[in-house]
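Chain nomenclature is as follows: A, B, C and D, assigned in order of appearance, with residue numbering initiated at 1 for each chain independently.
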Amino acid sequence: MATRKRPPAIARLRSFSDAVLAIVLTLLVLELLPDVAQSPRALLDNWPSYLAYLTAFLTIGSVWVNHTEQMSRVRRANPVVMFLNLGVLLGASLVPWPTALISHALKDGTRADQIAAMVVFTLVACLLSVPWVALDLYLARRPQFLASPEDAPWMRRHALTSAATILTALVSLGIAFISPLVSLLIYLPVFAAFIVARLLERAPVEADDDE
Amino acid sequence: MATRKRPPAIARLRSFSDAVLAIVLTLLVLELLPDVAQSPRALLDNWPSYLAYLTAFLTIGSVWVNHTEQMSRVRRANPVVMFLNLGVLLGASLVPWPTALISHALKDGTRADQIAAMVVFTLVACLLSVPWVALDLYLARRPQFLASPEDAPWMRRHALTSAATILTALVSLGIAFISPLVSLLIYLPVFAAFIVARLLERAPVEADDDE
Amino acid sequence: MATRKRPPAIARLRSFSDAVLAIVLTLLVLELLPDVAQSPRALLDNWPSYLAYLTAFLTIGSVWVNHTEQMSRVRRANPVVMFLNLGVLLGASLVPWPTALISHALKDGTRADQIAAMVVFTLVACLLSVPWVALDLYLARRPQFLASPEDAPWMRRHALTSAATILTALVSLGIAFISPLVSLLIYLPVFAAFIVARLLERAPVEADDDE
Amino acid sequence: MATRKRPPAIARLRSFSDAVLAIVLTLLVLELLPDVAQSPRALLDNWPSYLAYLTAFLTIGSVWVNHTEQMSRVRRANPVVMFLNLGVLLGASLVPWPTALISHALKDGTRADQIAAMVVFTLVACLLSVPWVALDLYLARRPQFLASPEDAPWMRRHALTSAATILTALVSLGIAFISPLVSLLIYLPVFAAFIVARLLERAPVEADDDE
């Protein structure tokens, strides 16, 4: 038979998503670059940029860790999976935008500017999370796309995590109307909890082998 | 025999194209980054940037989906394939340029500026599509480059799609002289039709397996 | 059994780190791009940018060489490895920031601006090196993560190198209070020594084969 | 025996170089992005940017085609190969800098600015080509690094091509003192000749197979 094996679409989906997330992570630094020499005082006064950078880095870093984990459990991709994944990447690639808005609004914006920046951050968080919930649920119902039977419950649990991200974003938005700074700071313990939870999970170590 | 197996040029063509498209997709956000704090009104007045961003994201996202699909059917590359592919990438990597032109022209440009921006968008769409039609037709006639006999008709069908893109761009350009905004908006139903058509195709799911 | 082999997390960690380091390396050039035509004199007066570019390129280039070498010895990744690696990438992706600060401070900044820029460079060097020491020590104690028994002593030696980087950064910072320029220039012989040391190591040649 | 197979350094050298070249290719567009709406006249007056963009795109595109071809013939990398390759990438990643200089100098610079921009372009071309000649000659003498015995003469021929690039750059520089624009235009027929020569070579088609 003349048909040859094709490279799997899922492999290219993984490498493309990796590239997009790596670039977003790296572009964040452009907001920190100065146009002129900075005095020590100017460097200290620039703290909102550092806080916004850290939040955005943790956002994209967490998306990458979750995406890697999820896609290692998927062995097939079809157009539905590819377009839902593009939806997640659309949200992720917008993250530098609210990051810059928040950074400028905290430095020299009015309270209204700060609230508007947090509204954009919330919208981008939802734009990232809504297609991800849809992707989780789509994969959870299609065992033929997954590497093992235990991956379907994983997808359902991940749908809950993605939904919790949307809820966190909405709660943070509510707080933004009282204090925009607090509504941003609230993300840091959420990321810390996520990282600690991941470090306590030991199961993947056994399953994961590079041979 | 001393000769060892060489890594296939087609594999590096795929990963290089992925990287270029991923970067173009991600650089689009740079146009959204503000220089100063934005008031809620300024954020709303910036709608042409969001529309231009969405159109450009859908353009590059569709190029990526098509390119992935096509290159999964190609198992060899020669210099002709590599240079025609570089032609496609030249067009794709220019997309942020008309995107920025359209965004500025809709915000504070004259009608002539808006038409000029759409002319550039049309030229870039053709620059992207003309080498792609050539690549499609080149591959359609060379079964020894393809993974399976069914891939030659696929390449011919894809040449028609690429030619249709050129036609859409020219029709949109004609409309630009009546209303530049409508000529941009016309791309959105075209992308929606493309996405719906891809989601209805179910065949690739069966053929695509990550083992 | 229905379980299929999963792609190893370590492979995606390698390709993601490659992408981040490649982008950081390439973004450095953005600081060199002029806004207007440059006279021959303006080009020569811009020497601090070239010195800062070279130092930053050598920093990221050395990180890449070390990272490649290290990760070729690791065959498993767990959440601890992935988050410590994200810590290293956080430091690496910040490098363009002190690079721009140093470049501007040497061109038109006060002595205080220059010292402040070197403080930021030192902080970023530590931010990059501290999680790397932790990663080295974590891997050195877990032979089940490593490709061969000889890799545990390699990890311990690399922890010493990473610790030496922190020490160099602190010594350079001390010198910055006497002469900021000398404190930057001190990195060049350190990189030269690192490159010469690597060129004299011949062992990897025998072990490394692309089949 | 406990030792496991390590991923080859040459594979990561290939993917890292691909990523660097893809990013450089894509960053070139940043120079085209306007700050304000552009009139049709302003778009036409911007022709030096388009010429500079095209030259830079062809430069990086040709580097990528050559690099892919060369590295498909190399099956081992040692620190010497990795550092010489980093030297090639240092030159390649600087290309956007003379591109921007030339573009600004042709638009609103003096004759001296234009000559200075071509001097920088020549220096960057040499910075790219000198380590490449060294890499070619290093590999030509080490058959144990190459995939097949026919690859040693290929490396020697490539050393001649890289040396010819240096010669072209120096001739172009001489012409720059008579006419900077002509000295830039001279690169276009050189690239055309390179592309035609590559398209006429048919041998790689037979050798290259994706299985």
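Please note the rule applied: contacts are C-beta pairs under 8 Å (C-beta built on N, C-alpha and C of every residue); 3 or more make two chains touch, one makes a residue touch a chain.
Since the model is a prediction, treat every value here as computed from it, not as a measurement.
**Student:** Rotating chain B so that its CA atoms sit on those of chain C: what angle is that, to a multiple of 5 degrees?
**Tutor:** Between chain B and chain C, the superposition angle is 180 degrees.
**Student:** Among the chains, which one keeps its Cα centre farthest from the Cα centre of chain B?
**Tutor:** Farthest by centroid: C.
**Student:** Would you mind pulling out the distance in Å between where the CA atoms of chain A average out and where those of chain D do?
**Tutor:** 35
**Student:** Mind checking the centre-to-centre distance between chain A and chain C? Centres are C-alpha means, answer in whole Å.
**Tutor:** Chain A and chain C have C-alpha centres separated by 25 Å.
**Student:** Send over the residues of chain C in touch with two or more other chains.
**Tutor:** 4-5, 7, 11, 15, 19, 23, 27, 30, 75, 210-211
**Student:** So in the complex, the part of chain B that touches chain A is made up of which residues?
**Tutor:** Interface residues on the chain B side: 11, 14-15, 18-19, 21-23, 25-30, 32-40, 43, 57, 61, 64-65, 68-69, 71-73, 75, 147-150, 195, 198-199, 201-202, 204-205, 207-211.
**Student:** How about chain B: which of its residues touch chain D in the complex?
**Tutor:** It comes out as residues 2-13, 15-16, 19-20, 23-24, 27, 30-31, 74-80, 82-83, 86, 89-90, 93-94, 96-97, 100-101, 104-105, 107-110, 112-113, 115-117, 120.
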